[in-house]
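Each of the next two complexes has subunit A plus one more chain, namely subunit B in the first and subunit C in the second.
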Partner chain A sequence: MSVPAPVRVLTVQAAAAAWAVAFLLVESWAVLGLLVAAGAGFSIWAARWTAGRDGRAFGAVEECAGWAAGGLAVLVVLLPFALRASPYWLFVFVLAGIHALMAVGLNVQVGSTEMVNLGFAGFAAIGAYTSAVLSRDAGFDPWVGLLAGALAACAAGLVVGLPAARTRGYYYSLVTIAFGIVAYLALVNLPAVGGPSGLGRIPPLSVLGVSLRSPLSVAGFALPGQAPSFYLVAVLLAAAVWAARRMHRSEAGLVWNALREDEVATRSLGLDVTQAKLWAMGFGTFLGGLAGALYAHTVGFIAPDNFTFLHSVMLVSMVILGGTDNVAGVVLGAVVLTVIPEKFRAFQDYRLLLYGAVLLAMLHGRPQGLLPKGVRRYASVPQPPEAPRAEKAVEAGTVAVR
Partner chain B sequence: MALEQLLNALLLGGMYSLVAVGFTLFFGVLDLVNFAHGEMATLAVFVALALFGVVVGGTAWGAVLLAVLVVAGAGVLVERLALRRLRAAPPLLMLLATVGVSIVLREGVRLLYPAGSNPQVFPPLFPEGALSVGALRVPYDTLAILGVAWLVIAACDRFIRGTRTGAAIRAVAQDREAALFMGVDLDRTVAVTFLLGSALGAVAGLLNGAFYGIVRYDMGLVMAIKGFSAAVVGGLGSFYGALVGSLVLAAVETASTAYLPGGSQLRDVLSFLVVIGFLVLRPTGLLGERSVEKV
Partner chain C sequence: MKPEPLLFAEDLVIRFGGLAALDGVGLRVDRGEVVAVIGPNGSGKTTLFNVVTGLYRPHRGRVVLKGQDVTGLPAHLVARRGVARTFQISRLFLDLSVLDNVLLGCLGRHRPRWLEPLVRPHSSDRRLREAAERAVVLLEEVSPELTVRCYRPARELTLAERRRLELCRALASDPDLLLLDEPSAGMDVRETQALMDEVRALRERRPDLGIALIEHDMTVVRGLADRVVALNYGRKIAEGTFEEVAGSPEVREAYLGA
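Right after this comes the complex of A and B.
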């Protein structure tokens, strides 16, 4: 065990990435079965190999987070090269990134604050339609549209949030369901934005006059037309993750968690509950609108059917299955829940059914999500040196009491 | 004209309240918003359709009653298999589980029923024709559906108010721990609640099918959202609140369809705006309890 921790982490990351690419590209079900078995065995081994100093599985990943983030960045940059023969999968990853962007925004509400927003697709729709109309019909640059779309969704979030902050729990969920449905129905009934058939020919984003939908050529490798969008989404997602973590560690983030635990107690401590809820609404819907606009410019076509109640539900399940209030977990949840159903596209008709079944299986098998939320740690507070067997003692105590 | 609209509102309200009462029961007993509730309506309709084909010579009513029973059993099964284990988990997870169940049921119906993706014709259960009272023309089926809906609601009310099991349901809804101390069997009470709620949802679906004559695999989603809205407007957890909420929602929809230009398209938009308005002004619904929260 003399291999340094960063090397172990990077090795495991690289192996996992290679495994994922193989999993996507292999079509034979027999080989896939073998791959899944090998992957399961590998992860059991890797969990122990990269155990942290306190013995937690994969703990080393957290201990050298800088290395892990760097390794992840390199892998993300390399992914289009690995997938250059199958643009379809690259496109799926673009979608996964957009979903992850939405899920990171939604997590602020569902995960941190436990405001279960079941109309998030409506906010994404506002971003998408604003950006599309501005760039397609009003002649603005798509980048302006992107920002305007995010801001419009954010404004809608605050408008809905101001009265919704008075409600809580299921009532808040219903306000958002109602908002999502009103948004959907409004789009269907507005001929100005294409009605049910939606808007087409949305211009792509471009950098220095080069469209982000055109193929890319790097060091002699021809990358498909999805690669530029993929990199853009990756950069924006990284920025969003960074911002979400900053928010989580800020005072507003602390108030969010306090709200989740007990709203009345939070209020009686003199904390501004309404303001915290508005932050959660505004920040979350900003990211939702941004992701929606990004979708519009990447795909070039949007319709009301891209923003239904079912989409909202899927976004919430991404947050919960990834791990509520854990930004990395939420991103993982979004990627897994976007990519895995695509793998089953051979069973096109059964995809939703499988989705529901997987959802149920996950809820019963791993209800805390793929990456459970951690305990808040504060750098200024010195960690107690070693209290390794504390949980074990508590467990034993509980058993004794029972 | 006005009388006819009133009748329409009552009819719609009756169908909504069948669904809304189910939502309110689940919420009262389990603190759960059951997103799979609408699928019980769909399931009932398609089970009945399948039975119509099998039971040749039997009456349509036999198939309909059997469908209600099947769906009531399905509701109990769903609770037992998918929800019971999550009872101690955060409420969010149980809510998500019901979403999973609803997807599985909806897709199951779509894939298992022949040509299930297409709208299906549902036979009329009630005689054609209409009763004329002065200028007012009341179709028999409207009258019959209205009668069945309110009869079922009344029976449900009698059950909850007047029986031991009903008392157990009310006790658990009021205070679960206290009810457990009094010897109420929680598992059994929850099972009965699901039996009752799902049967009501099934009746709602069947009446809906008989009234419109066309059913779709995704009809449950719309019914669920309407029923849930009605329950919330009235106050989740309150039985009479669900009835009042359904009538309010039905009145808004009927009025906007009848008296607003282009109202039939705006109907759903308007009714949801009303729901939002209610939630903001009276967050606990019309008849919901004004709870004083303690830390």
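Right after this comes the complex of A and C.
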């Protein structure tokens, strides 16, 4: 029996999506247990069924990436239809998309350059508040606010980045923690932006005069008011993923990686380390600010408590869980860490414990994350054939010192 | 009249706390010349390299490269003017592939265009593709064994292979001046011999390249260097051919304490 690889990939995708919807909608613990067991069994089977030509689990997904991306796009379009009876879950996915947008931005710092930014929520807050104030109080169009929010966060990133670029490792993390806390405290103590109670009645984004918070009716299906936001977030996330992957695949991503591996060597090659760090800061915080502003207009209400240190930790957990320096992995991490805690809301007192446990477990058991980063391959340089030289390499007299 | 030196450093002084790591040292390297810097541990050899490449800023003295004063310039700008180096303990990008290590060397000579991948994807892709082609040609030139493993992470290489890759990465920027910091450290006799052959082949391929190397293995120094400079306590104690320096009583005292 030989089913073509694209068919296998699409089948597994569809089955996984159906399983996920069932997982979300089922409420009985017993059925949920069965579902989890079935899902585990299914994924073991699916991993083998879609193994790549080199035998790697799920390898076929990478081999027909175009089909996989198309399948994913169709599933994303269909998701609001499947969840139309439960707007709550659709909203959770909107949130997951916004988190993913932030995580993609954060990944440039945490994953590509290993600048572990633990104050990222502060930048999202700048984006959210800028956009909210501009559209609510100054009368600008929310779309203008969205862009201004992203740019403001980007500017803040560069301002913080300039002194922070001189530090690395823990010191950089400390600088960003300090920034996150300062941003939070500033918002709490600024009556002009509502202080601790935040800002309400933030106008929604609208397309052709139609608010993106109004329900949608497509082909006789009535979709809840969250559907338009869901689609908007999906489109923006797709654009961000495209941009982040382009950066990763270019010399920019390569220089960022060099920075992660060895800063002194990078400088000695003629590469400007400060400039590279500032671009990583600017690119990441732009996406962070955009996501923050998107949150403000989607929910309509923001407060300092939406942008705490805990949110920053959550974002870093998402990057590490999904796979540092792997854009697809980071998105997966954000979705998993947004949806799973919502599903187990009954245990929400232990949510922090979950993030901590996930971080520890991943760092010990699978530090590369769910989807590890791969080696860059260049079309102009085919994999050279393994020559019989391989034997010569272990000739007597050669000492391998590691 | 002598031609303009490739590297001309004079009267370099740098202090760490109260200790003068360099105390008035000069170094001259001409095009096509190999200069060995020797001296006991802690005599200031690596510090001299770090000052020349701009990693440290000297308290006094100047570094002139191809007639231009580069004293105090940040390391990446010195590198862009044609200085490449290797390190005593190799500093490869261990999690990146062998090819990417060399590729990064190719990228160093010009300024990266940060927005190009988003604004003009095709020209960005093309440049990277071309750089990858150049990198693999270079890799082939230095070591066919490494070419076969160009998509393996550098972490998997043996010590001798790592040094070879580091040399290849340094050459990728097409430097005018190459600084090698203890290239034979930790190598056995056979590997050391291979290294010497490599440097000789390199001189034939690039007759204009100036090389300065720090070395403890006197076989290597004798076999490669046109001129030897000996340091002790941050001062130059001897300079000349290998025989001249080896015969200097001060050098003998520095090494043997007698």
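Here, the second predicted complex is superposed on the first by the 363 of 402 C-alpha atoms of A that agree within 3 Å, B and C clash if a C-alpha of one lies under 4 Å from a C-alpha of the other, contacts with A are read in each partner's own complex, and residues count from 1 in each chain.
Basically, a contact is a pair of C-beta atoms (placed from the backbone, for glycine too) under 8 Å apart; a residue touches a chain by one contact, two chains touch by 3 or more.
Keep in mind that this is a model prediction, so the values were computed, not measured.
Engineer: For A:345, using the defined touch cut-off, is the partner it touches subunit B, subunit C, both, or neither? Pick first, second, both or neither.
Structural biologist: The answer is neither, since A:345 touches no partner chain.
Engineer: Would you check which partner chain A:170 touches, where first means subunit B only, second means subunit C only, and both and neither mean what they say?
Structural biologist: So A:170 only meets subunit B here.
Engineer: Could you look at A:178 and tell me whether it touches subunit B, subunit C, both or neither (first, second, both, neither)?
Structural biologist: A:178 contacts subunit B only, not subunit C.
Engineer: For A:243, is the partner it touches subunit B (first), subunit C (second), both, or none of the two (neither)?
Structural biologist: A:243: touches subunit C, not subunit B.
Engineer: Which partner does A:186 contact after superposing on A: first (subunit B), second (subunit C), both, neither?
Structural biologist: A:186 contacts subunit B only, not subunit C.
Engineer: After lining up the shared chain so the two structures overlap, which partner does A:261 touch, if you call subunit B first and subunit C second: first, second, both or neither?
Structural biologist: The answer is second: A:261 touches subunit C but not subunit B.
Engineer: Under the stated touch criterion, which partner chain does A:366 make contact with: subunit B (first), subunit C (second), both, or neither?
Structural biologist: neither
Engineer: Check the residue A:48 against both partner chains and state whether it touches subunit B (first), subunit C (second), both, or neither.
Structural biologist: neither
Engineer: Share the list of subunit A residues that count as touching for subunit B in one structure and for subunit C in the other.
Structural biologist: In subunit A, positions 262, 264-265, 268 sit in both the subunit B and subunit C interfaces.
Engineer: Could you list, by residue number, the parts of subunit B that touch subunit A in their complex?
Structural biologist: 27, 33, 82, 85-86, 89-90, 92-93, 95-97, 99-104, 106-108, 111, 221, 225, 228-229, 232, 236, 265-266, 268-269, 272-273, 275-276, 279-280, 283-284, 293-295
Engineer: For a test of understanding, state which residues of subunit C touch subunit A in their complex under the given definition.
Structural biologist: So the residues of subunit C in touch with subunit A come to 53, 55, 74-77, 79-80, 84-85, 87, 91-97, 99-100, 103-105, 107-109, 111-114, 116-118, 121, 124-125, 127-133, 135-136, 144-145, 147-148, 150-153, 158-160, 169, 173, 186, 188, 190-191.
Engineer: Under the touch definition given earlier, write down the residues of subunit A that touch subunit B in their complex.
Structural biologist: Listed in rising order, the residues are 110, 114, 116, 163-164, 166-168, 170-171, 173-175, 177-179, 181-182, 185-186, 189, 262-265, 268, 309, 313, 316-317, 320, 324, 349-350, 352-353, 355-357, 359-360, 363-364, 367.
Engineer: In the complex, go through subunit A and note every residue touching subunit C.
Structural biologist: 243, 246-247, 249-252, 254-255, 257-258, 260-262, 264-273, 275-276, 279, 375-381, 383-387, 389-390, 392-393, 397-402
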